[in-house]
Amino acid sequence: MAQALPHRERALPLKATQIPEDVFHVMRRENLARWPTGAEVDLDEAAAYHLSLPENKRLGTIMRKAAAEGRCLSQPRGGFATLEMQRELMQVLDREGLADVVPTTTDSYTRNEQWHNAQKGIDESTRAGRSLLNGYPMVNYGVKATRTLVEAIDKPAIVLSGTAMPRLTSEVGYAAGYSGYLGSAIAYTVSYTKDVTIEEGIRNYQYLDRLVTLYQQRGVELHRRQPGFLTGTNIPPCIAIMTCVLDVLLAVEQGVKNYGLELGQTLHLIQDAAAIRACEELCQEYLRRVGHNDIFTPITSLHWMGAWPQDEAQAGALISYGGTLAAIGGAVSVTTKSTHEAIGIPTPQANAEGLRMTRMAIYLARNIRLDAMDEFRREKELIGREVRPVIDKVLEMGDGDVAVGTVRAFEAGIMDIPWSPNRQVKSRVLPARDADGYLRIFDPASMPIPEDVLEFHEERLRLRAEREGKAYDHELAVTSVYEICEPLSHLAPFPWPKD
Amino acid sequence: MAQALPHRERALPLKATQIPEDVFHVMRRENLARWPTGAEVDLDEAAAYHLSLPENKRLGTIMRKAAAEGRCLSQPRGGFATLEMQRELMQVLDREGLADVVPTTTDSYTRNEQWHNAQKGIDESTRAGRSLLNGYPMVNYGVKATRTLVEAIDKPAIVLSGTAMPRLTSEVGYAAGYSGYLGSAIAYTVSYTKDVTIEEGIRNYQYLDRLVTLYQQRGVELHRRQPGFLTGTNIPPCIAIMTCVLDVLLAVEQGVKNYGLELGQTLHLIQDAAAIRACEELCQEYLRRVGHNDIFTPITSLHWMGAWPQDEAQAGALISYGGTLAAIGGAVSVTTKSTHEAIGIPTPQANAEGLRMTRMAIYLARNIRLDAMDEFRREKELIGREVRPVIDKVLEMGDGDVAVGTVRAFEAGIMDIPWSPNRQVKSRVLPARDADGYLRIFDPASMPIPEDVLEFHEERLRLRAEREGKAYDHELAVTSVYEICEPLSHLAPFPWPKD
Amino acid sequence: MTTERAPDSRPKTLVTGVIGADTHIVGNRILGMALAKARYKVINLGALTPAEEFIKAAIETAADGIMVSSLYGQGELDCRGFRDLCIEAGLDDILLYVGGNLVVGKQPWPDVEKRFLDMGFDRAFPPGARTDAVIETLARDFAARAQGLRRAVE
Amino acid sequence: MTTERAPDSRPKTLVTGVIGADTHIVGNRILGMALAKARYKVINLGALTPAEEFIKAAIETAADGIMVSSLYGQGELDCRGFRDLCIEAGLDDILLYVGGNLVVGKQPWPDVEKRFLDMGFDRAFPPGARTDAVIETLARDFAARAQGLRRAVE
């Protein structure tokens, strides 16, 4: 399970500041020694390899261009147990799906550093002729083998590895020629682990972000990305954005410059558009406060991250709307799902269809922006009023150190995440959908969100309870978890009863 | 082919005023005698049958309720050659598709009153075990058989019969218990016929609308509907709305009260929303001018009516966006297509999937309205400035008679329709899509649209030509016909070339 | 649009139209425009054209080919016996193309194609065919005919 | 939510958790809430729980059943030998349920169900199962057990 911190490192107090070069050198050596393929990582050779890649394979560059040109790129998820299956998948996503960014999702054993289990998964999958792992065991295959994947496609590749323990996977992935890596200290520790502490999570991602600056020194601008979708379960934009702000503040201390933020879609057109703008603005606002004016922070919008309907037609509407929301919201990229989402990992073909559907939806909505609407402005301003008091409190608690503040804030429940599996997280904050389809906060628990804002949330949620003839209690949060996966006969019945 | 007008009727000059009861009596007798099943029509019995139907089978009522409650109903198209195939289709659409309104599309021989050919189609289809007709031959089957279709479903049924010659089909359909009928003089004559004159078209629909008032006198409020989508080929909202206004003015003269208007989607979110509002407002404005304050004119939005992409994923996005556009635009109902659109008439299942996808999309966008946006207001106002001068001119040309004015306006090209197959229509007006995705008028031909408005259209179209590096000529109109059916690799290529 | 030309200097004449009770004129009209641009002489009969009218027009204009559009699905009924009508009228060898959405519903194209070739059409085109492809095939077929073949071989 | 209750008066104890390296806690937590409401005593081990911990907890609490969640697709690997572990620990007859998205990808449910029943689970639930259905089945199975059967027959 969760790898304990190396001895020497644990002795150092947690701080947000950049890991000193000599300390990092030792950390890297210890890290790469943990599994045989670690020996394949040669930083100078890897940097040279990146520099040899054409522009269309560099995610950092592609994201900057897309942002400058107002485009919305598309990217799916996808990983299978063997190199061969993974290669075929990536080629289908590239060619049939027209993905702008091609992913490699790692399997969950790899994410949890159970490389022996991952090896069993590879072997069993090879025998069975089908994938028994939910992703590609990147560390087991190592740098050289994995590079053949980057070479099999014409687009930039990104590593998707939901984990609080990215140290070895990121070394292998970046060295293999992946130019993007998704993951961050707060977001993944709170949503992908049970026992990893926030402190450990922060230390692990400090490692990853520090690694990126080594590439930077060698002229390679890698893309880092924060998975602000968190537990994917009715995360109100403000909570996602709080983690975005804190995670980007942590990353820039290590020297990262090209840092994307992800937001799961709420499925409310105006809330999502407002969230995308607010996220970018608030991140930049707090970056400026600590003197950073040159950090590139593009926003990625994610197809609905909560429970999906089993009906493929309904799922199709979510996919397509997901493209619409991303395009209208002005996201720089969108991460897509498929019509198989409720059931299992999609086939390469279903995955590619999800991409094409999304791409067409983006094309159709390419010219629409809602920024001039009052409702948009009101919602964006509301998000600011939710985010700032909490972040300010976190920074205050850290006495100027964002890492320390974050740890303390989670301990105190000042920062809280809905539906978190992590024991270090109170997870008492409870969101629910309101009468107009906005995600609101039913119970803020100990989060210092202003009273007047909470009154507004409560009013909208009470209105929903009233309209549906339900009690105003936490069942509103539970029904909101199921809502989108309900069959249409329940969700949108024919309005007129017989007779 | 086109049935010549009965002798007596032709002798009467064309007028918009209501057909006198005694004249209509004769007209009906002659009409019903044209095919054996005509004898099955008994107006009093039919009216009693309608009154015996539960509320959920009355489209007139359902449309009023939906409008009052701000709902968007869903309705597909669909017709097969035999009673059995048609019954199965309607049940699948009702139950698996959750259609709020269940259609019966007639075949094209029936539409053109070639009932002998339709009979051959029935026979061949029965033999082949598959439909060789593109719809249900309603007149051949007659009232009693067709009533079993109405009885096989739990929703209101509507006849879809694109034709300028609806006299006998409408008699059979309404008598069979269908409570809605799609079709109008101007819209269908200009887009579904080659040799039928506008005058004949008007007379034929005067018959149909007059028939509806006979039911009304017996306490049955039937729904009539105008197919403002016209030739479905890049119809700018203003041209659609001109035909809506003229057709509703013609219908109310015959006594119709419950008259829906259809608008094909332009696929521009704001243009479509503006068009829906403008259509309702302009129809009501002109109705008030002639003293009608009690006409119910709900708007139906139609999934893209131009050429569809063959890729089912792309088609899925069009379907889903079609639900989004209808819901956000505030349409009272939406008419759906399927992923098979580019190829052929869909299977019942594919048709039902299109319905469910649309229904989910409507659910997702149920709370969004754009009326407060400046861009929406500007666009809506623009439509008014396009429609009024033309309608005012048409009414002027008719010396107060809208029927006469319409005929003269088409002769003079004052009213004109893009891509019309009808020889009576100049069809010199040419639309194209502009730089922002709005449908604009490239060439107004003889339509009296104000100069300043046309300058605006030209400016937007020139901008597109410039951006695409194309000449500013009529090829803009031709590429706009193909645009939406292009494969994604052409429509939205990966933006960065290899090196 | 294409810049391909008819293969020999005398411009070929083509009769086009939409057969039966079919009103879909858009593709037919665009095809006609493209054919004219490619230097064919185009006699366009428009929508809703009975089979007999195509043949009449072909005789009157001494046409080299007939281009039948059918989009609405009933083409399978409308097109039966079209070649026989041609033969009766003495147009035994006139080049016959048909294109559009030829049958009702989504059916495997090879089956549909065979059905129309069996009816005596020289070529059938699947849904959504583009004018460039049509014009290119026409050029090849007329070139083959100049060499005494019925049509070009693939 | 359901109002169904456990069948006899002594509340039954159920151990629940998400097996393996799986972090999907939402459905498991909601299921736990619903079981508690239906008067079961619920020992919830949370996400990322090794097979051994389920069994340890079952022994410690003298549990009547174990409810294994697996959502992330690797349940097929994680759940192998689960019944054997129970038997080794002397929990030969403990009621074993498994539910979630049990395998990688969209596979026919009857195949998947059989795979898990063959592993020794008493019941396997397909993706998206609702708590009401689970609780109803539990009540029927415990009632059957009171009558000496292994589980209720359909």
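Just so it is clear, A, B, C and D label the chains in written order, and each chain counts residues from 1 on its own.
What we mean here is this: contacts are C-beta pairs under 8 Å (C-beta built on N, C-alpha and C of every residue); 3 or more make two chains touch, one makes a residue touch a chain.
As the structure is a computational prediction, the values presented were derived from the model and not from experiment.
Peer 1: Using mean C-alpha positions as chain centres, tell me how far subunit A is from subunit C in Å, no decimals.
Peer 2: So the centroids are 55 Å from each other.
Peer 1: Subunit A to subunit D: how many Å between their CA centres?
Peer 2: The separation of the two C-alpha centroids amounts to 31 Å.
Peer 1: Just the number, please: Cα centre separation of subunit A and subunit B in whole Å.
Peer 2: 45
Peer 1: Treating touching as the only link between chains, describe the layout with one word: line, ring, star, complete or other.
Peer 2: line
Peer 1: Using the touch rule from the top of the page, what pairs of chains touch, sorted by label?
Peer 2: A-B, A-D, B-C
Peer 1: Subunit B touches which residues of subunit A in the complex?
Peer 2: Residues 54-56, 62, 65-66, 69, 71, 98, 100, 154-155, 267-270, 309, 311-314, 316-321, 323-324, 328, 352-368, 370, 372-375, 436-437, 488-489, 491-492, 494-499.
Peer 1: Of all residues in subunit B, which touch subunit C in the complex?
Peer 2: Contacts found on subunit B: 1, 107-109, 111-112, 114, 117, 120-121, 124, 130-134, 162, 191-195, 231, 233, 307, 310, 340, 342-347, 350, 419-421, 423, 475, 478, 481, 485.
Peer 1: Which stretch or stretches of subunit D touch subunit A in the complex?
Peer 2: It comes out as residues 1, 18, 20-27, 29-30, 33, 46-48, 72-74, 76-77, 101, 103-107, 127-128.
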